[in-house]
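Below are two complexes that have chain A in common, paired first with chain B and then with chain C.
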Partner chain A sequence: MYAQIVKTDGTGVKSREDMTPEESAFQQRIDADQKIEPKEWMPEGYRKNLIRQISQHAHSELVGQLPESNWITRAPTLERKAILLAKVQDEAGHGLYLYCAAETLGISRDEMFEQLHSGKAKYSSIFNYPTLTWADIGAVGWLVDGAAIMNQVPLQRTSYGPYARAMVRICKEESFHQRQGFDIMMKMASGSDAQKRMAQDAFDRFWYPSLMMFGPSDKDSVHSAQSMAWRIKINTNDELRQKFVDQTVPQAKYLGLTVPDENLIWNEEKGGHDFTEPDWDEFYAVLGGNGPCNKERLQARVTAWNEGEWFRDGLLANAAKKCTAGEVAA
Partner chain B sequence: MSSVNTSPDTDGVGAPVKRKPELPLWEIFIRGQHGMSHRHVGSLHAADAEMAMNNARDVYTRRNEGVSIWAVKSDQIVASSPSDKEPLFEPANSKVYRHPTFFDIPEEVGHM
Partner chain C sequence: MVSKHTASSGLFEFLLQMGDNCLVLAHRNSQWCGHGPALEEDIAISNISLDLIGQTQLWLELAGEVEGAGRSADDLAYLRDAFDFRNLLLLERPNEDFGLTLMRQFLFDAWHLPMLKGLTQSSNKRIAEIAEKSVKEVTYHLERSTDLIIRLGDGSAESHRRMQSSLDELWSYTGEMLESDDLDPALISECVVPAGDKVAEAWRQHVTAALKLATLIKPESDFVRRGGKNGIHSEHLGFVLAEMQFLQRAYPGAVW
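Right, the complex of A and B next:
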């Protein structure tokens, strides 16, 4: 979701017979719900896969600040502005927790930044859509953070200790995000006709991109099996997408908004809604770099990194100077 | 959790990537409101102690999680290794008498 497509190196899940004794013991620990900790033995594929997944997730938190920061200076009231600032600061924090978790696997922070900046590492497709109106900030909180929570709550039980602990912190903070979004939507949806139209328009534009956040349909999700065996993925993409739709439809009804899907209908038999899948061609295009804001988002990150270089250098030089001065004084 | 030495990896074409040194890694410990001891909450990068303290405040106490912060450079922490688990912790397994529940106290004696 925040890590939508995490490629695995292997050719599927190994059977117990094909595993080395170490791999077999490792799998046994995972099956017994034990946590794997940084310095313990782990299969190279597990390590690599986790680095990809956690760093994608971290990059998403970081890039996810950009669409929202667009509205910090334009928030309609001082209170809304303060709230949005706090939310965007939280996203930075979430990115930091996750980068730290990934670093325990033997990749450096700067290496991850390089992968993001070069386009080698992905981040969630959702952040390549623009936030055109204030109602979009409501839709992002309500839908995007709502979808994120749906994925992140089960990840608190993931097999890698530092990742699970980061998810616990993130989940605690995330529900404020969704509620503030819903609060904005409630205000807009109960406002003037123009405000209602704005709320519906934001909903129309963010509905399908939010559904895409869960990643491709299970039948096309070739990397899932191994990740699920390793418990670094807990639910399938379609399971979570279904849950999200079922949760969101009544909320939209409460707001008096119409889900932009003519085929949406309650299916008594399966106990869930039938709904139209998002346009997967669009999904792959956005993920591949051709969304409405890909260039802008990446450029913002690269510029921030490059223009901060002199400052990082200064910090290190200053620390080194203080260090030497301390030695002389002692 | 020890600091990561960036290995001389490649950019995919075979040429080694030159990287500047990173800001050092620090481990952050927070003591909460209720008289518990400091607890490890995570890590962060900072050039010096002052920056570590400021960043720890922003990253780990945005919701009043603590009343005191410790920041320790990660490379200063001595940690037991997973392979030492057995020699270190196994001996405690056989000493069940260290737990009060090992001893049966007759009910008529009352709470002890």
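Right, the complex of A and C next:
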């Protein structure tokens, strides 16, 4: 979901008969649940796919700082400010682990930034929605980090070693993120009328965009099969979305908030909720650059990068001086 | 000025200075979160901001206790207007670029650390405890800011230019930090607060040495801008507070 649409090359999954001996041995290791490590042989498609997926995930962590950092200076208490700062700082850390994991596949951080800044690389659509009130900070933690956890917990078992290990570190922190979000929502939903109104309003705006985080419906998700065979995707989009709805509905009820879906109903037979799918036209529009904040988010990243150039160059220049000084001394 | 001090109001004022410095600088630094020049710097500056918020809570909580009017740290942070803030003018300066932000941090850290070290010896136990905890964090802050201004000062022509102009820009704000005549003299005579000239001397030594390594030139001017410690601020603080205090002001009494 942080990597909502990862396009795979080629068409569908290769059958065993079509595989070269190397490919077949590789698939066998994956099927036996062995981890693939950076220096080992891997199919080119596997490498490319993983680079796209991990970098999309990394970009999402990075851009994901923005809607939340939007409220750091306005956090309502010192404690809330500290918690939010720590949370957003964690997200930057997640970006760092993931860029490092992607680098083991032979792409540099600068190249990935270049892809982000040029608009070539995607990041999760959710971060193109605005945070308009303090309750949005609660909603983001509760729903967005909640959806992230749902996706990332299985990825701890993904086939690529560095990615799996990054996920283990990340998941440890994500549950704190969700808890702080839920805690904000609890305070708001049991607070004054104005706070209750903010809480419901935030829930209304973030519900469907959160459901979109899992990517398009399985019937429209053409790229999943190969990723699942390679174990870089563990569950289907719809499985995870269903799980998320089933987990979130009782939480909303507990908070006294109304899920903004008239068709939401418990389906005894399937043991899960029936619910209205998000508006996929909106999803593709946001992914394609036409969401409420796409321009602002990308611009913020580009500005930070461009305005930081002198800083990075200055440090490089200093390091180069030290190197030459070292050479002279030697 | 001096006549307004009673024993507890002098201490209250000093604690506000410590707390407000941390709060206002934390606010400025936190504006970089998500916008830093490199991912590692983004993390580092957010982390420093986080340390400073923690220190704010400790100082202002103690200030509230000393005042004895039942005000919490949050009350003091969120419900005072600018003329009741006691932070240095230096710290409310807008960030402008990352160079000015770093130079401000460096000039402040170089004062903050010796001040805190002195306070670890305070005759007031609570102050000594807070200082003890803060010293660990601020030792790292000063290490980092010193290292960075040295590397950027002695970096590229452009980074050198920016660091020098930041230094020139901020120099007149450092005097206020080094003066201690606004303090209740009893605080020093009773060893609650270290003597100001000692802290100032430590600052001068550290700054002079670091600037030399950074190939930066210490400005000549001895003009001092002052006012923050007496509640006479620049226009910037009003906007900082308008933003910071928005929710508490718009929804009085709400629990968050």
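Rule of thumb we're sticking to: the second predicted complex is superposed on the first by the 325 of 330 C-alpha atoms of A that agree within 3 Å, B and C clash if a C-alpha of one lies under 4 Å from a C-alpha of the other, contacts with A are read in each partner's own complex, and residues count from 1 in each chain.
Definition applied: a residue touches a chain if its C-beta (ideal position, glycine included) is under 8 Å from a C-beta of that chain, and two chains touch if they have at least 3 such contacts.
Not measured: the values here are computed from a predicted model.
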Simultaneous placement of chain C and chain B on chain A, clash or fit: fit
Touched partner set for A:W134, first chain B, second chain C, both or neither: second
Touched partner set for A:I72, first chain B, second chain C, both or neither: second
Partner chain in contact with A:A325 - chain B first, chain C second, else both or neither: neither
Which of chain B and chain C A:G191 touches, first, second, both or neither: second
Contacts of A:E37 with chain B and chain C, given as first, second, both or neither: first
Partner chain in contact with A:S108 - chain B first, chain C second, else both or neither: first
Which superposed partner A:A304 touches (first chain B, second chain C, both, neither): second
Touching partner for A:Q89 - first (chain B), second (chain C), both, neither: both
Touching partner for A:A25 - first (chain B), second (chain C), both, neither: neither
Once both complexes are placed on the shared chain, angle at chain A toward chain B and chain C, C-alpha, multiple of 10 degrees: 80
Where chain B and chain C come nearest after superposition, their Cα distance in Å: 5
Contact residues of chain A, present in both the chain B and the chain C interface: 86, 89, 93, 96, 312-313, 315-316, 318-319
Complex contacts: residues of chain B adjacent to chain A: 1, 4, 6, 9, 12, 17, 19-23, 25, 41-45, 47-48, 51, 58-59, 62-63, 79, 81-82
Touching residues on chain A, where the partner in the complex is chain B: 37-41, 86, 89-90, 93, 96-97, 100, 103-104, 106-111, 114, 120, 165-166, 169, 173, 312-313, 315-316, 318-319, 322
Residue ranges of chain A in contact with chain C within the complex: 62, 65-66, 68-69, 72-82, 85-86, 88-89, 92-93, 95-96, 99, 134, 184, 187-188, 191-192, 194-195, 300, 303-305, 307-319, 321
List of chain C residues in touch with chain A within their complex: 27, 30-31, 33-43, 46-47, 49-50, 53-54, 56-57, 60, 73-74, 77-78, 97-99, 151-152, 154-156, 158-160, 162, 243-244, 246-248, 251, 253-256
